[in-house]
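Take a look at these structures.
Look at the two complexes coming up: chain A is in both, with chain B in one and chain C in the other.
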Partner chain A sequence: MRGKVRRKTIFTFLGPAIFALAAVGIGPLLYAVWTSLHYFNLTKLRQVEFIGMENYGTVLTDSVFWQAMGRTFTLLLIALPLQIMIGLGIALLLHKPGNTFLRTLTRLTLVLPMATTYAVVGLLGQVMFNIKYGVVNQFLGFVGIEAVNWIGDPDNAFIAVIFWDVWQWTPFVALVMLAGFTTIPVEIEEAARLETKSWWTVLRHVQLPFLIPGLTAVLILRTADTLKLFDMVFTMTRGGPGSATEFISLMIQRVGFRGFDQGMASAQAVILLIITIVLSQIYIKVFYKEIK
Partner chain B sequence: MNLRSCISTIAIAACAAVGFTASANAWSLEEAAKPYAGTVVDVVFLKRPGYEAAEAMIPEFEKKTGIKINIIKHPYENALGEQVRDFVAGGDLDIALIDLVWIGNFAENGWVEPVSKFTSNPALKDPDLDMDDFFPLVLNAFGGWNGTIYGLPFDNYSGLMFYNKCMLKDAGFDGPPATWAELKDKYGPALTKDGKYAFALQSKRNETQSADSFARMLWPFGGSFLDKNFKSNLLSKESQTGLQFRQDLMKYMPKGIVAYDHSETVNALAQGDVAMITEWSAFYSTLKDPKTSKIGDCLAIAPEPKGPAGRKPALGGFSLAVATQADDNEKAASWLFIQWITSKAKAKEYVERGGVSARKSVYKDADIVKKYDFVPALVESWQEGVPEFRPRFAEWPEITEIVQEWGSKIMLGEVSVKDGAKELGDRMEAVLKKAGYYDGKKPLAK
Partner chain C sequence: MMQALASHSRRGLVIQAILLIVIAIFCVFPFYWMVTTSLKTQVVALESPPVWLFEPTFSNYTEVLLKDGVGRTLINSLIVAVSTTLLAVLLGLPAAFALARFEFRGKKDLWFWFITNRMVSPIVLALPFFLIVRKMGLMDTHIVLILIYLTFNLPIVIWICTDQFRSIPFDLDEAAMLDGASQWRIFRSICLPLAMPGVAVSSIFSFIFSWNELMFALILTRSNAKTAPAMAVSFMEGYILPYGKIMATSTLIVIPVIIFALIASKQLVRGLTMGAVK
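Take a look at the complex of A and B:
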């Protein structure tokens, strides 16, 4: 019958995806929720017991958890605007007509930081930011600046993490913005440029509305990525010095896999998931409203 | 007893003795391993000199026995987690590599077999095993829990002072400091100049912070983590003195010392950037090797300095134990390997290849004493070590995380010594309370 798809066909197409999602996403999530309601320490499996919301209560009143959360949002609030500003700037430059070869080369080069494994970026950082042998301090030395204690100083270590995050993910933002620019009809842009010579006016009133969907995706993806940022920081600073770079994911890993308290770590992870969902909803509501 | 029965008794005893000797002499690794040829034994190794030494020796064992040793390498920081997950999931590991602070955890969870299970089997016990030849402190601390021996000491450390005698001589010192106070008050100011530092205390926020930095400054000053009732002892006068001493000593250490792990610290001495470090004996081969160290003949070794409470040097190291999850053949094969690699017979080769054996006999060997200048300091340290340098109970993995966090905060000045020690103590007690130590559910570990 035309226009009507058989139920069997629907299940055949959707089934594998639903099964895969359930196996790798929903199943573990439900298990994490179950674990979070128990005292569940990997090294004390004989003592597993149901404790209701106790783990959640402990997490929500634990200053260390909120400090880690605060650090994570500080990173997000500094790194993300930087990535958007620099990424937008790069996209604007690449959107300019002419110099095709250079633009193509730049686009390809932009992929390199993103293609580098997070953990490798962190290891590179550990070497490059080494106070004595690191290349960063060598460069600073050339311009007469004294060696900076990057990894061993809490503030500098935080700056180093921001630097790496911006270095690795600005190209992603640039490429998404560039994709947004390609959706703008040429005649609209040309007409706008005839009206005004101000690039800001063109960007604000003509180009930006076309960039909003991409920008929303960037906000959601980068927020989620920052909240789960782990590999790079773990290999570079391991959350230190002190707790200076212990972001929320590092804390959860520490509690769950070094302290082996899976129940507590699961409660922390569930709270993080809730925060991520709420933020995503806010992004969608605030930004998507503008392009309606 | 008449003459006849007396002669009979002597005859039986003589026969038994001859028989026993004959059977002892008859024991050989090759014969003992025959039933297990082809068995694969999975074991976790670290990326450290003692393991490289063992790895180089393993082909001989495999050739003699037909048993295959499958090594899974992890950095130290991952080794506990990987093993715990394997044992919880009933995985493949046949041998447990146990840091002395993990022994309570492994033993209480029933993940490792007592050594007696194998030593009671004449087919598996090497008559030359000689448990008394292990340094008692090391055997009991690394492999023992509640009076039972589970593992044999394999990769053995004592904290030693490695120093650059040329730098010290240039600064007017004939030898290393005898006490921590001397190190800080005399050597510190004299050796910290021109971009060089007197001392480096590895303090990175991982087990290094707990074991190498925090604990190292408690014991020589008379402090400790816990008192006899398992309550925090970190606010005691002695513990506070030790922790404050660490703060005061920091001005003679390189900037960013809280980010220094073993490799950075050893490298700082190897490159001539610092004059003295207190490090594990295991790093001797790294510092001695001209490929990894520029210090050359300027390297000298001494026991750690003394504090008001004595020397109390850092104690650390690993034992190997047979995992309960292995099947019977794997258990037997694993035991034969552990027994062989830690044996008296292989101790000299192990040391010569860069390992540090826990066998007393090897350090009486004239060649070894002559060739390895760390030996006297090591032997002295193992006479004076504290088995509970870090508490060895099952809760240590949780507690060490707290020590790492707050110990680093104290060093960074984010919190005062007193406030940091209080917070640390409160959090430590919360873990112990949860474990049931304070309501009698769990006996206080000895």
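Take a look at the complex of A and C:
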């Protein structure tokens, strides 16, 4: 009896949502594919013409595109391990009994960074990392480090982006890990603690298996979010100086809206989409194996 | 039993307390700096090194709200975020109910399609949306943002509410069915009232995500429908930035988000893990 419902009923429930999401999600996507097969420049709209796969050929051999891709994954490979290590540390600290009030308070403050408007985080970056008026250089001055040109220097600007990414998403990782810790049966943990005094052994052999689902989720989401990263970097460095912080989504935005080459940008976007889909398929395959 | 934990000593507690405080300060400090900078005049903001004690002034707030039109962009943000949230809930709730209660072919794939929208970079949609919107003469209107924000709001509503409907005992449906109630009636009169917590939480998420969005707003609005984050960005012109004004606008943007985030703090992490946990 359960779930047996007429086709028409199912459709009336699901139809509107499917239609809406197809209209705003799939329709434009098909249009992007069409654009990507054309020479389509916003300043030369009279000259729109079909050029087949030419844009794709250009993108696939374009070193600028692959550099932006490389930069994006470099950011992920530096920021994510930091977030996981620090996040795990924070989660352990919050999981440890004692200081109940402080733990509640800290857990509440951890919620703030990840909800903060990404654009505002970038603006804060401009203010706090300014070479002359910034508070970060003031702090460095206290420990005798000379003023650093954060936004104006390619390497330092990259570090500033990493800093904010870590600031904003480490709390998220910490709370996901903490949720993992709370799924561990108390008896198991206590039994393990009677066996050994080493917290590392407990973490490695008893707690870690319970953290795997959370870690996988973090891995998938941080990958997707890094490929999407735009707002915070745009408001802090606009991808500069030069192209030092031009990550993939920023680069496509520049080509399409500041370079006006919609055809090329669409081809880049389609390739980005394919990479995203392939990556998430790989993740899901690995993930579901882990679970089974 | 707890005493058996070696780390549960007094020294351990003190270290834990110190680290917790450091973490909390680290999380909150940027907000403190944002608010204090917003209360500085441009002269004070341009002191080097920055000053910590100064006479606070609300002049940045009065200026951005009365002269620069930030108030209107905040209202635009509010119109867009509230409308898209209502629309997402209206469209998403029946879909979530169907996914939780009915059996049909392709259900898994459909659910998967809804959820994977979370993974797609918005720039992929921003390019074609810009061209379509321009052709239709809908540039710089609220409706465009309201519709395109559905691409991330509809999945979140469906995801959270499907779970919520699943947690409602099926016996209630069956009893109603024996009384001859239609599925719509079961949905509206029995399940929906019980699913209200899920509706509230997904509405909060939907609002936060829409309120925070920048890229689409930057590309699809100019002045009429300009949202607050896009407005904050437009202050960033010239060599010396108006720091106080930028931070005052930022503060105005962030306050509602923080309030909502604290209200939904228990579920926030769950909402952000959409698409990656089963």
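As a convention for this text, the second predicted complex is superposed on the first by the 286 of 292 C-alpha atoms of A that agree within 3 Å, B and C clash if a C-alpha of one lies under 4 Å from a C-alpha of the other, contacts with A are read in each partner's own complex, and residues count from 1 in each chain.
Basically, a contact is a pair of C-beta atoms (placed from the backbone, for glycine too) under 8 Å apart; a residue touches a chain by one contact, two chains touch by 3 or more.
Values in this document were obtained by computation on a predicted structure and should not be read as measured data.
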Applying the document's definition of touch, where does A:Trp199 land relative to chain B and chain C: first, second, both, or neither? second
Taking the superposition as given, does A:Lys132 touch the first partner, chain B, the second, chain C, both, or neither? both
Per the contact definition in the header, classify A:Ala17: touching chain B only (first), chain C only (second), both, or neither. second
Looking at the overlay, does A:Lys96 come into contact with chain B only (first), chain C only (second), both, or neither? second
According to the stated criteria, A:Gly259 is in contact with first (chain B), second (chain C), both, or neither; which is it? first
Would you sort A:Gly240 into first (chain B), second (chain C), both or neither based on which partner it touches? first
Could you tell me if A:Gly152 is touching chain B, chain C, both of them or neither one (first, second, both, neither)? first
If you count the residues of chain A that each partner touches, which comes out higher, chain B or chain C? C
After lining up the shared chain so the two structures overlap, which partner does A:Val286 touch, if you call chain B first and chain C second: first, second, both or neither? neither
Tell me the contact category for A:Pro113 with respect to chain B and chain C: first, second, both or neither. second
Chain A contact set shared between chain B and chain C covers 132, 257
Note: in the complex, chain A contacts chain B through residues 42-45, 64, 131-132, 149-154, 157, 237-243, 246, 254-255, 257-261
Parts of chain B lying in touch with chain A, wherever the complex brings them together: 80-81, 84-85, 88, 105, 109, 204-206, 254-260, 273, 394, 397-398, 401, 405, 408-409, 411-412, 414
Per the touch rule above, chain A residues touching chain C in the complex are 1-5, 7, 9-10, 12-14, 16-18, 20-21, 23-25, 28-29, 31-32, 35, 90, 93-94, 96-99, 102-103, 105-121, 123-124, 126-128, 132-135, 137-138, 141, 167, 171-172, 175-176, 179, 190, 193-194, 197, 199, 213-214, 216-218, 220-221, 224, 227-228, 230-231, 234-235, 248-249, 252-253, 256-257, 262, 265-266, 269-270, 272-273, 276-277, 280, 291
So in the complex, the part of chain C that touches chain A is made up of which residues? 1-2, 4-8, 12-13, 16-17, 19-21, 23-24, 26-28, 30-31, 33-34, 37, 45-50, 87, 91-92, 94-95, 97-99, 101-104, 110, 114, 116-132, 147-148, 150-151, 154-155, 158, 170, 174, 177, 183-184, 187, 208, 211-215, 218-219, 229, 232-233, 236, 241, 243, 246-247, 250, 253-254, 257-258, 260-262, 265, 268-269, 272-273, 275-278
